[in-house]
Each structure stands twice: as structure tokens, then as C-alpha cells.
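Below, each structure is written out as C-alpha cells.
Each of the next two complexes has chain A plus one other chain: chain B in the first, chain C in the second.
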Partner chain A sequence: MPTPHKVYYPFISPFDPCKPIVAKTYSTPPHLYMQMQPPNLAQFTPHEALRAGTLWKVLYDPYFGPYEKLRKEDSSHD
Partner chain B sequence: MWIYEKKLQYPVRVSTCNPMLAKFLVEQYGGADGELSAALRYLNQRYTIPDKVIGLLTDIGTEEFAHLEMIATMVYKLTKDATPEQLIAAGLGPHYANNDKALMYTNAEGVPWTASYIQAKGDPIADIYEDIAAEEKARATYQWIINMSDDPDLNDGLRFLREREIVHSQRFREAAQILIDERGKKKIF
Partner chain C sequence: MTKQVPPEYYQLLEELQAVDFVLVELTLYLDTHPNDQDAIQQFNYFAKESKRIRKVFEKQFGPLLQFGHSYSAYPWNWADSPWPWQV
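For the complex of A and B:
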């Protein structure tokens, strides 16, 4: 299973004005690795799918911001 | 021809009075990679693209209007009870001067929506690839807005919309593959 995030470490100058962010991340959601979707993949129930925004468990990739607490119900789909 | 269903695609809840978030959210309303641009881009490309992918553009273009409606609801809820002082503090003073609480198709910086945000090149590959890029840009925009927001209910709706961008991107990638594929063709070597 591919990771939904990638990390890179930009050059940090000794003269940078702000406190450096050592590691930068970016999102790599699961569809980037899928090509043509194969048949018969696992599905959410209709109710779960309406909440998740997708019928397909492999395509589910919830994104949380730094200022919100991760809520249990959002991460318990699989 | 469309049929309108008088409910939102996903329930919109807003738990804090934070007009500043409305200012950021209009990026997805009238911005270059926003839902209006997406809907108009896809629905307009349908006429000059191979039959196999017209239905996809119709479906996704239509859904983008459902997203537009959700964004509009969020912006409305975030601003409807705000005082002029609160709007000024949120940077929405110029908007209030011009529009009161009315929504406008501008981006987060107040630049009015323009048709130059969308393209219709007539080349199926170029157009579908633009659509894929548009979905990824919209996904990124949702991430940046979620990053600035501390409202869990609002973020819940934004997370749903971001997930839809992922699904749309996947379907456009498959459409590109359908247009590229040589399947079913007799190849003579």
C-alpha cells in the first residue's frame, strides 16, 4: 500500500529569518497509484459511502488540518 | 436538461462564527480552480470530445454544481450573522461595501471570476489532462483551507469535497486511458 504522504527536506540556510520547517510534506492520495480501477474492489456500505465521499475503500483518504482534533469516527472506516 | 433535488449533496455544518473562513472559502466558489470553473469547464468540453467520455463530463460537471451549492451554503452561514465590524476584521470590508452579505463569484483575493480560468482546446487529450490538473488543484486548495480552519464541522464537509476531487481525478485518468488505449483494434505487426 503506498503512503498517502511524502516527505522532503529542503535546504536550510543559517541566515533564514524564520524558524525553519525541517521536513516538508505533500499529499499523494491513493488514486495516483491505481491506473484503471480493477473490478470487485472492497466497498463501503451505502451509508458509510455517503459520509466518506467514495464508495471504494481504497480511494478513501481523509485529510485533517493541524488545528482540528482527529475524530475517531472519521478514521475508523477501515 | 437537469433535475434538481432540493437538498445538499452532503450536510453542511458550521460550528463557529468565523467570517475569515468565508473569505478563504470563496476561492472554491469563484476562484480559478473552484467549483464554478470546474462545472463550466467540464460541461462545455462535452461537445467536442469522443462519445465514450461525454457521459463522464456530464456527470462530474453536474456534481460540481452540487459542490458549488455546498460552498455557497458554507459562506452564507459563516457571514449571515456577522456584524460589519466582524466583516472588516475578517478582511471582508470591501466585499461588504460592494455586496453587503450577497455572495459574489470572486476568488479569495476578491478578483472576479473570469472565463479565462477555463480552457476548451478541442483536443481530447489536452482537455482531459487539464481536467485532471484542475481536480488536483482543487484538492490542494481544500487541503490549504482545512489547514487554516479550526472548525471540525466545516472541515468535515471540506474533507468530503476533497475526497470527491480524488474520485473525479481517478475517473478522468481512466477517461484519458480509454482515449489512449488501443484495445479492440486489430493490430497488424
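For the complex of A and C:
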């Protein structure tokens, strides 16, 4: 199932003076999982599409930083 | 007195913006799917819609484009404010 983010866990050296960053996330937008776009995909209305940034619901990928998890729930179409 | 524009100026512009965005998306889609009949019909529908909105807007608020892409009002007023970045 295409996920908007993926996580990887870098090696943490015992001699690292700084506070280690345990988990690092990177964005994986939906188009990575879609080779050739199939015809007749579900679409937004023009006004929604203008706000969402794409015409096709499947390709909608709002980027929220790791610290913006809260914003993700309350406004899926902002 | 600074010139004010009525609210429907913004409504029409947003309508035009939404329709033109759909046209951009469909153009990009049709570049890779030239045989998609439904998408072409939708593209033509929105192209017509875009022309209609531009006509309505230009009748009220003056030309949107220049060099003959828009009719002109009397007097020659394409340089009047508001400019796009002032809106």
C-alpha cells in the first residue's frame, strides 16, 4: 500500500557527541507507485483541485513535516 | 480614493483560475495519453468554459490579455490598475 512517508534508522555511533537522530523519514509520493497513469481516475472538482494541487485524487500528496502530524488530521484538504 | 473592485471580480478570477488549472492538468495528462477520448472531451468542455468565463470577466473589468488576445474597451485602458500582482 503506497505510504506518504517511509522511515529508516541510521547507525548511531557511541562516539557521536550530538544527540542521535534515531528515525529519519522521507517522502514517498503516490506517483512512485504508479507507472503509467490509468485512464478515468477519480477527479477532484475544479475548486478542490486548485487547492489540492492535482486533479486526481490518487495523486494527492499533502506534505506535512514530522512535527505537523496534528495538522494532518484536522485538514485533509487544506 | 483608491479604486476598489467588486467581489465578483475575485469570484470570477478564482473560477477562471480553477478552470485553467484543470486545463493545465489535462494537457499534461493528454501529452502521455493521446488516445483518451473522455479526457479530450473534458478538455474541450473546460476550454469552452474558460473562454466563457474570460468573456464575462472582460465585459465587466476590461481586457485580460493583450496584442489582440482580448478585445479592448473604450478608452484604451489595459494599463489601468489593478495589475495582476496588485489584486
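To be clear about the criterion, the second predicted complex is superposed on the first by the 65 of 78 C-alpha atoms of A that agree within 3 Å, B and C clash if a C-alpha of one lies under 4 Å from a C-alpha of the other, contacts with A are read in each partner's own complex, and residues count from 1 in each chain.
The rule we apply is simple: a contact is a pair of C-beta atoms (placed from the backbone, for glycine too) under 8 Å apart; a residue touches a chain by one contact, two chains touch by 3 or more.
Predicted model, so just to flag it, every value in this text is computed and none were measured.
Once chain A of both complexes is superposed, is A:31 in touch with chain B (first), chain C (second), both, or neither?
A:31 contacts chain B only, not chain C.
Touching A:67 in the superposition: chain B (first), chain C (second), both, neither?
In the superposition, A:67 touches chain B alone.
In the superposed arrangement, which partner chain does A:19 touch: chain B (first), chain C (second), both, or neither?
Neither chain B nor chain C is touched by A:19.
Tell me which partner A:39 touches in the superposition: chain B (first), chain C (second), both or neither.
second
After lining up the shared chain so the two structures overlap, which partner does A:54 touch, if you call chain B first and chain C second: first, second, both or neither?
both
Could you tell me which stretches of chain A are touched by chain B in one complex and by chain C in the other?
Common interface on chain A, chain B vs chain C: 36-37, 50, 54, 56.
Please name which positions on chain A make contact with chain B in the complex.
The touching residues are 27, 29-31, 34-37, 50-54, 56, 59-69, 71, 74.
For a test of understanding, state which residues of chain A touch chain C in their complex under the given definition.
36-37, 39-40, 46-47, 49-50, 54-56
Contact residues on chain C for chain A in the complex?
Where chain C meets chain A, its residues are 14, 17-19, 21-22, 25-26, 29, 32-33, 36, 38-39, 46.
Taking the complex as given, what residues does chain B use to touch chain A?
That would be residues 10, 139-140, 142-143, 146-152, 155-156, 159-164, 166-167, 169-170, 173-174, 177 of chain B.
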